[in-house]
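Per-chain residue numbering starts at 1, and chain names A, B, C and D are given in the order in which the chains are listed.
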Amino acid sequence: MTKEELISYIQENFSGKVELIENDMPEPYFLIEPKAIVAFSRFIHDDNKLIMHFLMNLSGVDTKENMEVVYNVCSYRLKHRLFFKTVLPHEKAEVDTVKEIWAVADWHEREAWELFGINFNGHPNLTRFLLPDDWDQGHPLRKDWVGRDVIPFPEGK
Amino acid sequence: MGVNDKLPVHAEQSPGGGIITTELNKIFTLTQAKSLWYLLFGTACCAIELMATGASRYDFDRLGMIFRASPRQSDLMIVAGTITYKMAPVVKRLYDQMAEPRYVLAMGGCAIGGGPFHYDSYSVLQGVDKIIPVDVFVPGCPPRPEALLQGCLEVGKKLRTQKIDDWRVR
Amino acid sequence: MANKLHLETMQINMGPHHPSTHGVCRLILTIDGENIVECVPDIGFLHRSIEKICENRTYAQCIPMMDRFEYVTSMMCNWGFALATEKLTDLVVPERAEYLRVIMGELNRIASHLLCIGVTGLDLGALTPFLYTFREREDILDLFEMTCGQRLTYNYIRIGGVSRDIPPEFFPKCKEFLDKFGEKCDDYEKVLTENPIWIARNRNVGVITEQMVYDYAVSGPSARASGVNFDIRKHDPYSIYDRFDFKVPVFYGGDCYDRYRARMAEMRQSASIVRQALDQMPEGDVRCKVSPKFKPKVGEVYSRVENSRGEMGFHIISDGTVKPFRVRARGGSYNHLLVTPEIVRGLKIADLVAIFASLDIIMPEIDR
Amino acid sequence: MEILELAWIFEWLNENLLVPIVGDGEFGILVRNLILACSVFGLLSLIALCLVWWERKVSAHIQQRFGPMMTGWHGILQTVADAVKLIQKEDIVPALADRKVFFWAPVICFVCAFAAYIVIPFGDGLIVSDLNVGILYIIAITTFTIISLMMAGWGSNNKYALLGGMRSAAQAVSYEVPMALSILGVVMVTGSMSMQEIVKAQSAWYGFHWNIFFQPLGFVIYVIAATAEANRTPFDLPEAEQELVAGFNIEYSGMKFAMFFLAEFVNMFTVSAIATTVFLGGWNGPWLPSWFWFLIKTLGMVFLFMVFRWTYPRLRVDQLMEFAWKVLLPLAFLNILWVGLYEEVFSKW
């Protein structure tokens, strides 16, 4: 389905509140509140007009004011894609896990937790797996993070 | 250490022993140089170049070097690739498990000094010589197979200058 | 038996240093005799914080970083990143540059498949095919060296086109390679495909069902070996792939043997694509004018490229400054290592080695 | 051509050098056997060194590369360099290892590898002692090396080594039976178990009355079981690099590893020596001296084992045992049936 059909279909059929973000990419971009994430994901995964089976990417983003979790999904059979994201408070970022819907979200969420500090409720094992076990310097990919032995890139070249 | 720690002591006491140890030195270090078995230890892009050097065009076997999977039987450790802080204790333990006389060749920019990940990286160890003594550095990202072969010959040259019971001093 | 036999499982580390884990991945295996009860991958030994570094580099400086993101097919990484950035701007890539990108990308795919098949043979004990496949790979690396001077991390595909044009002697050498590549593939088939021990070790081992492909977003040759005809070059065409006619080989076994056959068939298709691209390539300049301090529009893009290991996606958020605000790259092996514990339960250690090699898992894509 | 048969040298030495000095009493026989044993040991370790070099050159040329070139002409002295280097290596014993078992494993492996050469006829009259239960003795001795592999696996207190040791036990048990049965076929034909008798029974038709022509199935079964006995690919599971890092010899370094390494090549030579004696007519052959025939045939068999190694992938443990019990064993019985039939029916015509 084309971008407009997708947008109209989702806005009519999805019960929760869906807000559209303007972007000139060929795929629609939605903003969902954190509470409705699991419902929205289950809707686009199970609906037979959408069948969004592939969770391509789930990335945490630190926009200094608040934390965002961006999901990219695509449907293999119907060849269309979808962006959607949630905005979370910067300090206590919490969202429900979508691991039951897309099994691949397991590691994406663990990584977002480890590098950004976004907490995913209901995730089976939110443990450290990229950084060394004795890592005590917090979440490195945050914008306000300063590392102990990180050598800054010499500017002004 | 095998024969090397007892032999020089007895040889020196016997008359004209000095000549024996120097001749022995030459022969023993020559055989070490001619058959350096390297430990198959590659972490990143340089590991692919290490495999390409082992393949038919730039053959390691010409220099008498075959790869050994276990650190006990290898005497040259080619650190090929980036060593992160999580990998550092593993590298240290592998180096300790190797049998004396052992040598280390740091291959590629990452093993020498963090390479392209020198700046802004919170998880890369800036150079493997911070944890283990390195004998030869082969720069490049990744270095060409010819450079790696040259590095192995350099290890052989450096090794020829050492005395056979030198490991006690080091 | 009066008292029940006291059985114990043993925990064993297919640790960071192991000849058959490609790169540094640690698999914590709980084994009962030879059968694997539980396999927990422990990664992060090659986590080089590429994403943090890219946030402090200009777009042009990010390209060499992306080379090291996936060093076996680094042309595809450059291409993916450049494609994502071009979507954020209104740059028009000249025709000749598009053709050069396709040629270099497909040659790099052949080189990556050759490496995968060689290392799969090495892991199953057949040491000779490794040497044969690397002989062909050296020829391809000569071609790359002729164009951009590097054997492994090319930094050749830049934003807005390609770094430099190919030298005149590239055409005859490439044609000569393509001519002899066909029967070289038959050599590999002769050595491996009908080999009874190879079939015994690979047939029905590590079967990935179609449902698993959807759940774990498996892509690339591993998905096409399980009956899912998912190839981004056809499914979500980018660049000029619609001008070439090539088939996407699909097999329905889902086991290691079909993944091997999918890779062999794919190499022949890539060779025919390179041949067609060489014939249709127009003249013209190879790069449109881009200043090193160029600023893309404010926006967010997720673009994906068909890498030899599966779908490689780049999620770039730009805030209009010289440096990207957030770069997230995801390779195909990320999902394949996630699938491994599911399909390896109950098999033998030797099967785990075969599955690991057939899924073509390398660590930089997973650890970044 | 009698001059070229080296057997007369030993007789001449025995008469006028050994007997006058030591006498042929108890002590004399002991000294004689000691000298024979040392000469066989020297010859074998020399052959093993050449085999190591030959294997590296054969594997290199199969894989289109050069192999050792830097030491001596075409790497001739490469194995000498390896041996002298291995002497210098530090002799590590893991802390929690079972010291005695760890120490004795390579010794047993080394000793058993050479013990089989007492009964192998290198040429006409060139045999250390012609036991009348020669072939039975060999089958018994070759299984000892497997015990040493298990000791190495257990002794080095390493999980991979333990797996390697257990695999070698499983492999030996399943491939010992078909090997013995295939040799049984030949013993039925010759009627005696002494190696010289077996070779003499094949000397009709100008030395071409080999058992391989009459029992081809027995020969094939023997070769397959022999590759498993000598731990060569496609049955080299005990020290499978890719799965078990280095299998049973993972904790051995320096001289102990060299003993395992040498014993493996001596085993390969033993197994091909038995193949030539039992199936390819030992030292029978026209014109050339007998020991030369033996050497050519054995090195031919060794080359066959080397080609196996560099062409075939490796089997899985369960496939390995399944193949032994479900395929090789029935074939071995069939072979014995065929030999019995041939003996009774065809040879009477």
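Following the convention adopted for this analysis, a residue touches a chain if its C-beta (ideal position, glycine included) is under 8 Å from a C-beta of that chain, and two chains touch if they have at least 3 such contacts.
As the structure is a computational prediction, the values presented were derived from the model and not from experiment.
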item: Centroid-based (C-alpha) most distant chain relative to chain D; value: A
item: Of B-C and A-C, whichever chain pair has more C-beta contact pairs; value: B-C
item: Mean-CA-position distance for chain C and chain B (Å); value: 31
item: Distance between chain centroids, defined by C-alpha means - chain A, chain C (Å); value: 25
item: Cα-centroid distance, chain A relative to chain B, in whole angstrom; value: 46
item: Per-residue multi-chain contacts in chain A, two or more chains; value: 131-132, 140, 153
item: Two or more partner chains touched - positions in chain B; value: 55-56, 69, 84, 86, 119-123
item: Multi-chain contact sites of chain C, meaning residues that touch two or more partners; value: 19, 44, 47, 49, 52, 56, 131, 135
item: Chain-level touch network, classified as line, ring, star, complete or other; value: other
item: Pairwise chain contacts, counting only pairs that touch as defined; value: A-B, A-C, B-C, B-D, C-D
item: Chain A - residues contacting chain C, complex; value: 23-25, 29, 53-57, 59, 61-63, 70, 72, 74, 76, 79, 81, 83, 102-104, 106-107, 115, 129-132, 140-141, 153
item: Interface residues, chain C side, partner chain B - complex; value: 15-17, 19, 23-24, 44-50, 52-53, 56, 64-65, 68, 71-72, 115, 119, 130-131, 134-135, 137-138, 141, 151-153, 363-364
item: Chain B-facing residues of chain D, complex; value: 56, 60, 63-71, 75, 77-78, 80-82, 84-85, 87-92, 241, 245-246, 249-255, 257
item: Complex interface listing, chain A residues touching chain B; value: 131-133, 137, 140, 147, 149-154
item: Touching residues (chain side chain B, partner chain D) in the complex; value: 1-4, 27-28, 30-32, 34-35, 55-56, 59, 61-64, 66, 68-70, 72-73, 75, 97, 99-101, 164
